[in-house]
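The structure appears below as structure tokens.
We just call them A, B, C and D in the order they show up, numbering each chain from 1.
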């Protein structure tokens, strides 16, 4: 089975007097990418200090413990995955003492050869204290025969396959890498320190830059390694170059915040364009367009614009949902989705609805949404999904369930529509999705979750 | 000085085997009305048990302590106010043992004669352990000469003035009251227990009914007292009748959830109508309409619809904001609003914006919003406020600052526009607001915060 | 039913720049008198601030919250009683706002007319938010017709009966009182502030003085009220004088720390003298004398000295026992006493033991102790109790169970011996106890728990 | 620098349906050996589950998390050391996944070749995530070329030097080892399960057996490995045999609980015998003998018995001392020892004291004890130490400070006496210590802390 570094946020800060503090805010801005655990390592040339725990950024860190994370450099991580042991040992950064000193690593993505690497390392006497792919990297670096960390990282990275954005922190340097196929996003920004010096930030999403007042410089290129060392600007090395790249198309559909720029495009714009294409492809006569909030909003605006059917925010989302919940009463148990989503009867009742959602995974939530809309008096419910059917598992870092659990791998369109009890159901086509991205024929995306064409 | 029971949520449940559990979910649905403290009292004919503490509903209660709140009846409260001591003794319900046994009280609103009543009670030897207006009621009831609780409540209520929705829980009965002018909302619903019996729920907002699968029956009328006792349907008594009523117009503008029905109208619809009226009254030539989320969304949709200027969700809201925050770095401190709100540069840049917000209180947040939009490249920023200028303090339960802190009481329109550095600024007129409510001439609202005409 | 202010510690500090800090340490030194809840109120002339919660002193307070308790005066309390609601509302100090301002009260003892007073107050319209006797006092003071707090306290105190040491804190003054019969201990000490000024401390036990480096001055006299106001030494007023006094003899037997001086005598010395008398009265031929630690140690040393039988610390006490315990396995459940006490087999095996304990309440613990000693190989077990049989409940502040649960009220000596399965059992006589105290004929103690002669 | 597995408690349970529960109670009984962190791993044939954290046993575990530790076998650990990072990653058990599956290790002791082994492992590409010596063992086992875990453990153990008691838990077996020189204690006991089957327990101290109702069988022999597998009794293997053994003499002096049997002798008896020898060697004319509680009590009883000077428990110990303390006021800061120890003035004043302590490390505490006794009116203070001067650091698992901080390595007897301001000072001689142990000439102990003769 694949590893555990899925759908996460990473951040690295270098050359700032309060690096951990900036990393904290960047993680806060990227909380949507992982709510399971959070951690930061900082380096002050002498040593690396790490704090990590389960929970949201704001609950893991407080004024006291953040103050211990001193130094000019820091790497941080938000973890998404809920699988495996609920152990704090599966939180990141992963820290190790090894022959060159100390190192801390954070990882967003998923290594496709993790199982092989892990087995081989274990066969050669390595021990693993967690289920994290990230721990593999610390072993590869520790075992590399090269003299310098940079060479070792290069060495290690040649051995791994899959999707990864990696940040390595030593006691005095920081390294940022993106895999050659460029599955996951990683951007570089600059920070103007108060003393006039320039610091650097690398993060999964540009929304982190906005919060810490950093300036977006560029994406880290697929296959590129940035080396941060001393006062110099980061040096760039191309570790590998591939003719084609496969950025994850699902970042646009679901993961990324709409205010982020991912793979050169603003997420909100893309989502809205998906809605436009969806309206072109799968029109329907209806009274109003409503999104499943929050992820469906932009696509619904696009659908409404194109179809000229009025947009209404007909479902209200409760944002106070916490981690631990009281066992619901019988009244509530059947429709757990109500804890999060509540339709506005006065908008819904008697109406023919186009309901826009970004995707359908198992189908259970969609079924419940249809039901609460029906209860609210909807006359017709036309589900329109702003992406193609998700019929295949992701091996590059998206926490999709096993293929057997994906409703689109088991049922055809009619069957799904029947299962969720909608009046009609339609998905955006892969072509429509590509049109939304306005990509030329030459531009590739990883769309394996839709078409099963795995780049690796 | 005014009391402390401002802008809160109350809920009462009667005749349900798991009353406290239902109250818990109802409070969860109404978390937006108060995040400071939460509490529930339950009654099982023998005794009343109370648990209350500072924090969100989901942090105050857990499976263990909620299980202690046994009984067929419960009252609960979410507290908003951040003023005063940060003491748990200012949480509700307020519990008392007195000559008739035990009583627990929750209160949404504000007594205008609290100071007088408190002084008089204190002069006559009463002691107060909190700053809550609610504690006054326990004293009035305890001191009443009447034999029965119902008479004593009636007696107590004749002595109080102001805005109030009150729920009283004795060991076997529950009483729900709304003030004669009907300032604050209170609705009655029914719950179908699994054993076929009927239970009752009374709550500030109808969104609570949706979550617990209750059926909205009607509003509790201004001046009405409902008495819940045994298996009978609640008995209704009109304690006082006033020729005119003054429901709080601000519930429509800001407090209530858009999926609630307040004073007979759906909140979302009203907000959208305000946007329509605002567009009629204060049109402007612009490229896009964007709301300040979440409260400005419905009005912005109305403005966009009326003005035919495209709507865009151009500002993203971060919902992970917790209570305790790390001291921001210099980079962040100046624009604290960014922790919550981030503009989407790709939507904003080069555009002439109509920005819709529900109100301006001190002006500091508006000023920061203008600045982050300017930083995101906005060409013009036209602030449009979906309510009239808030120039007067509220004495009926809205936690507005002192009049001196209200920017509209100190500056005229031009000055405010200049202060917040917008290109133009306009408010909805009182007439426009009333039009949005589609109210006949005879229908009154309390709009004292706008016009200074205090009903009491 | 009796009230809830039983077996506690009180402390008051006046005229010290860091009064709450000193109160904290004094409560820490008196933790043995109550582990259920802890609280401190401080006053700084402007207002009173209170923090109280369930738990040990060291868990209720931390650097942050203690820093909020500013001012030159403070009163504090450790609560013992485990009965009733486990509510933080039954923690002390009890705080009230009333016609003269603010007041905070702590109480060690038990009012014998609490029920009557409470009923009367309730009949006259008072409300009670806790089960504490202390709350009665705030009502009496608030309702008194006198102008000044001092007169009101005097007024209130004339209405109460029973055992009490009371400390009242207003915004600028402090009052300390001891009941006319002098049931519970209360001592006055002085503190040399760093600025050369003199501060004052009043505490249940003198061991608190040692820790905060205060100088013992004298006991507060039965019936005396000390008034602390401004820079003056405390003024003394005799509120009531009784021909006889009845200090609680059980303070010597069990409650007080051996390093405290109570009612003019050092506790350790008295306990040792009890052991000497016990050896004279109830000799037995045996190999070693062992105490049930820690309370039986001093008496065992006395018994050993007098009997010339060697003393051995044959039972080891585990001091890490916390409040919440994992459900024991079957192996452990039957002898829960082992969690606290473990005999040293190598000392016990084959020996004839004299086992010294301070008292037998229900008999269940003694029975378990006999069994674990038997398991450790004891040849004979002769229980010797350093006090007379506890056959009567206490109404003056000791948390004894109902008389029906006291084994000595249900069984005679032989029956108890048989029940606990000892080889012999003997108690110190009342005469022997008085001899240990070396008290003249005229000197009285409250020994109602032994002889049922209740002073009130 | 030395490692981090010092002065700890280990426990292993095998063949019991509730192994983790028994381990929990055993750790509770051995809490005195380490209060810094606690952890338990359990195995149920399928997998190993670990919970560990900083804090006391009773705070790390609760009913909920202990219930997750299912299985018939468990190993547990209490950690003492306060050095290094205050990281939970320095808690034990140390867990690893490796080529043979899963393993969990606990360790009491200290490897003298840890630095070398760690360097070599690191040079060969190993990574370390903690500072624990224990982590070395997981590497050695993972890298061993042998097929079976048992052979690998044997292999690993041949490479380590120093003091160790080690427990290894695989998914179905448990291994217990004691180093060939037998520095640290480890005993084997049996547990009668309710179903009639026999389970096994291995623990640092026998006091753990008493609490869980286990029967002491024998010590694990120096150099012995016990293998627990299936329903069979443990198999014994002698991994190494040394002509001489060196059990740690300091276990008798300070570490072990007096109710434990260590290296074949009861600790209480030995301590008392030390006091007898000390009185013979270093008599003094005095009025009373008082111990520094709790560790000095047994020796003081011996001294008193031999010298015929009366024993008094003249210093009271406060057992409520927690981990986090409020910054003391000036009054308290100078004598922090008072938080723990308070002399009884009425016993001390005017007396010539023999004060018995188990050892003097830095001298600062002794100096403070002399001062508080002086303050309590002592006429003469004669310090008598029931062990020889501690002049050398321990490399076998006792957390002594660096030699430079040991007062006995810097000062002679007179200088120390002068420094602590005692009237006289004397230590037990090494010969006296050996006499207390009644050991024949051939029997060795490790007494390197006294004589600098390091066995390894």
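Going forward, a residue touches a chain if its C-beta (ideal position, glycine included) is under 8 Å from a C-beta of that chain, and two chains touch if they have at least 3 such contacts.
The structure displayed is predicted, hence computed values, not measured ones.
Engineer: Which chains contact both subunit C and subunit D?
Structural biologist: Neighbours common to subunit C and subunit D are absent.
Engineer: How far is the middle of subunit A from the middle of subunit B, if each middle is the mean of its Cα atoms, in Å?
Structural biologist: Centre separation, subunit A to subunit B: 36 Å.
Engineer: From the mean C-alpha coordinate of subunit A to that of subunit C, what's the distance rounded to whole Å?
Structural biologist: Going by mean C-alpha positions, subunit A sits 60 Å from subunit C.
Engineer: Using CA atom averages as chain centres, what separation in Å is found between subunit A and subunit D?
Structural biologist: So the centre of subunit A lies 48 Å away from the centre of subunit D.
Engineer: Would you please name all pairs of chains that touch?
Structural biologist: In this structure, the chains touch in these pairs: A-B, A-D, B-C, C-D.
Engineer: Can you check the complex and tell me which residues of subunit C touch subunit B?
Structural biologist: 49-50, 85, 87-89, 94-99, 122-123, 125-129, 138-139, 142-144
Engineer: With touch defined as at the start, can you tell me which subunit D residues reach subunit C in the complex?
Structural biologist: Checking each residue of subunit D against subunit C gives 18, 21-22, 24-25, 28-29, 31-32, 56-59, 61-63, 66, 191, 194, 207, 210-214, 257-259, 261, 266, 268-269, 297-298, 301, 305, 310-313, 316, 318-322, 324-332, 335, 338-339, 342-347.
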